[in-house]
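By written order: A, B and C. Residues from 1 in each chain.
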Amino acid sequence: MKIIFKDLCKYFGRVKAVDNLNLEVGDGEFVALLGPSGCGKTTILLMIAGIYKPSKGFIYFDERVINDVSPKDRKIGMVFQSYALYPHMTVLNNIAYPLKLKKVHRKEIKERVQKVADMMGIGELLDRKPAQLSGGQQQRVALARALIKEPEILLLDEPLSNLDARLRIMMRSELKRLQKDLGITTVFVTHDQLEALTMADKVAVVNSGCLQQFSGPDELYNHPKNLFVAGFIGSPPINFISVSLQKSDGRFLLKNRYLQIELAKKIGSKAENNSTSSEILLGIRPEHITINKKEGIETEVYVVEPLGRDILVSVKLGKSMIKVLALPSFKANMGDRVRLNFNLDKIMLFDKKSEKSLLLDKD
Amino acid sequence: MRLRQKPRAALAYLALIVPSALILVGFLWLFITSFSIRTEGLRSLGWTLSNWSFLWKSPFGPQYPSIWWVTLNTLVMSLIMTLIVVVVSSMTAYALSRMKFTGRKSFLSLTLILHAFPSVTLLIPIYFVLIWVSKIPVIGRGVPLLGGLGYNTIGGVALVMVAFQLPFGIWVMKGFFDNISWDMERSALIDGASRFRVWWEIMMPNIKPGIAALSIFSFITGWNAYLIPLTFTAGRAGKSAVLSLYLQNFISESVMTEWNAVAAVGLFQLIPVVIFFLFTQQMLLNIYGGGKKGGV
Amino acid sequence: MKRKKQSEEGGISPLSTFLKAKKWSFSRLQGRLAPYTFLAPALIVITLFFFIPLVIVFILSFTKLDITNFGILEWWRPANWSLDNYVKIFTNRFFPRILGNTLVYVALTLAFFNVGMALLIALITTHINRRVGFAFRALWLLPRITPVVVYIMMWKALAGPAPMGIINNYLLGPLGIGSGEYLLNTSPWVFVILVNGFIGASFGMILFSSAIEAIPKEYSTASKVDGATTWQTIRYIVLPMIKWPFLFVTTYQTLSLLTSFEQIMLLTDGGPGLYQTEVWALTAYHRALTSYFGNIQWGYGSAWAVVLVVIGIIMAIIYLRVFKFGELVQEPKIDRL
């Protein structure tokens, strides 16, 4: 089933939890809602579920407006951040509850519960109470309860955030696999970018109630639409450097007191067309900078942090700090003079005022 | 500094212990007296069981109901009242705590007002309401065991008790409902439950401490009730008498009150409460466990 | 403009807008009505035993309805209403005494027990061994749960004359105070206050001790580290932090005491001297519902009661203001569709 949001808004008194959201989740798609805490992710999910009523705008399931449809008629399954298992019921009754409410025959309930429980690997736990389960087991029970009524839409609210790091990585791939196997349209909420990028077909980045960008993980990483997305996605985070865009003799230059970079003609002219002033922000990811001792922009090493697979070098360029990912073979000490080279294919340019990327085609 | 503090602390302890001892002495006296021929202070002047003869022989004569009938009356009234109070206040509290509807805020303020409201001042007009209810056929007088819901019936007395207990009950229960996670309720709604089923199957099992505390409190209130049965039943030792009335009747009936016999009846009424209390004091002390805001 | 917004976000729109809405279905209607189904039983009870009586008591207070003209006097007709009862109250010879009694009773019981003793118990029991503290609190709950008739009986035994009475026998006798007479006759007021105070202390005790226990331990630890004595900790840390429960208990119990009379009725019934311990609420009851003073005078008794009812309503409204009730109300986190 498709989910379409049209001009969707939700206000709590003066707080705009969701502001004018337009989005389309395709049938069978796995979409992640990504954003910092309090940006309105849960609110969006609860509006899909029918717990919150939109203040404005519409939600469609396929062609049907479902603003006024009650939760029980929406054919959705939801896993809450806290799992929200019923503490007074056994695992069996927890999973069976949706079927019991549908007045499914008792024998059939039993069979279906067993089937789902086995699929989730909790077949042995059916007689226990939720309090006697580990976090990972509780999460599976919640998932089983959401799946048992064979919903057409699955909503997951930070389902992995209460798990330990190892289990989280394991569940990440399992969830992804499960979603593909069942082919249920799934909306998944997270504030962990790695989770969103690795699991989802498409990611919607939300900030204070507004949709920032909705695209596939690659696109999001390499062509962020604005400053917020560029800064939010990527770890270690992207570097921003304040520069001015200058044109001389048909050449485009990015300049500030410490550096001067020549842009390719195509990029340069696009940026010039899109920008409102010559003062812009240059964005470059740490892995797109190479560091050496011979040629490039001159800087000073501030601190070196080994990350295992590679090392993170922070260097000082004037007053600002630039982070660079270097190979482990690179040796440097604090205070060493080093030089940087930017991968010019990978640089991003943003307007300072509108915070929009300057490299997008105007539409 | 120490020296200055000591007498103050000692004084404080004294102020707590002396009155506390007074409570214990009162109970001790009741116990000793009920098994004595006569007492002086706490000293028995001879032990006896004859004070307890009311258990098998009505002290007021055969035309009056026996203690067991009165006990049954009291029990029925307390249980009915408890049941209604718990069910109605938890229904109301659930709606007030968890549902959006027009007039929610006004209803909430109303509960608070009624909770602080001097309900006893309404005894006079309630007398009229009950007389009016009596005139309704069947409900008024014809219900077995309860007699009915009107004036001079167990049911009517229970109903008035319910009304007086309700604001308190709603207040206590709302505190407990407020503390239940929203996600659990949302989850049940998505699973397909109606609000009624959510209330009964999901919420109620999770506020058992609140239900227990309110039930105990209501039951004890019903068991002890004096003023309302006195006001709304005719004749203190009549068919619809409850224990408090029976006891008070015993005190005023006899010209020279036989304190020893009266003490026995008093102890008879008190014992179930005390036993009950010993097992549930923890819960009663937590009756405001839900409402952590210090009463509001 | 503002109103429109509210109705949009909270889904708080009256039935008429709902009916006007284009789409409505049975299940939606059911959803709208569900809250009122939950409220219905309480509403019936409240209407029957609060609203209707409230109206009746006001009307009755303007009439001369009593046992002699019951069924004859058409008390619901405005033609039969007058202010005579109120004039009668304020010109009553014993009016000053009853008013004075009520004030003394409320003020002293409140100060010494419902607030004073309650605070003392709460402070001590939260600062000593937990189990002992709990035992003390349980003990102080006993008077409230003891059947009132039994409870009064105990106090009468405590107050009894010399050889039998416990206080005379063990306290006053050895100390050589008093003449060993029945203490309810010699000093009824002391007992009126004790009897009510012992019951009343538990309400404040429960609220205060849970409020004190809710104070984070760091505060008192920090103040101890700073070298404060226990008394100073209580004075400067604990007391300021339980300001709201304190205010609540004080105002709430004022109202409770003002309208309570059951214990006094059983203990002294207003005596032993003429109107010696008669308080306002007891007067209302005596006038209207007992034949103690001659006729049962519903009308006149109602007038006495109405004064209390009015005080009750005013104080209740003040609560809502003082405690900023409107701001404490939280919106439910599930919308009505």
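Methods note: a residue touches a chain if its C-beta (ideal position, glycine included) is under 8 Å from a C-beta of that chain, and two chains touch if they have at least 3 such contacts.
All figures in this text were calculated on a predicted structure; none of them were measured in a lab.
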item	value
Touch-based graph of the chains, sorted into line, ring, star, complete or other	complete
Selected interface, A-B versus B-C, where C-beta contact pairs are more numerous	B-C
Chain centre separation in whole Å, for chain B relative to chain A (CA means)	57
Chain B-chain C separation of Cα centroids, rounded to whole Å	15
Numbers and ranges of chain C residues touching at least 2 other chains	11, 31, 331, 334-336
Residues within chain B bordering two or more other chains	186, 189, 194
Where chain A touches two or more other chains at once, by residue number	50-51
Residues of chain C that touch chain A when the two form their complex	5, 8-9, 11, 23, 25, 27-28, 31, 331, 334-337
Contact set on chain B toward chain A in their complex	181, 183-184, 186-194, 197, 202, 205-206
Residue ranges of chain A in contact with chain C within the complex	10-13, 50-53, 55-56, 67-70, 73
Residue ranges of chain C touching chain B (in the complex, touch as defined)	10-15, 31-32, 34-39, 41-42, 45-46, 48-50, 52-57, 60, 117, 120-121, 123-124, 134, 136-143, 145-151, 153-155, 157-158, 163-166, 169-170, 198, 206-207, 210-211, 214, 229-231, 242, 244-245, 248-249, 252, 255-256, 258-262, 265-266, 281, 284-285, 288-289, 298, 301-302, 305-306, 308-309, 311-313, 315-317, 319-320, 323, 325-326, 328-336
Chain A residues touching chain B - in the complex, by the definition given at the top	46, 49-51, 71-72, 74, 76-78, 80-82, 84-88, 97-98, 101-102, 145, 149
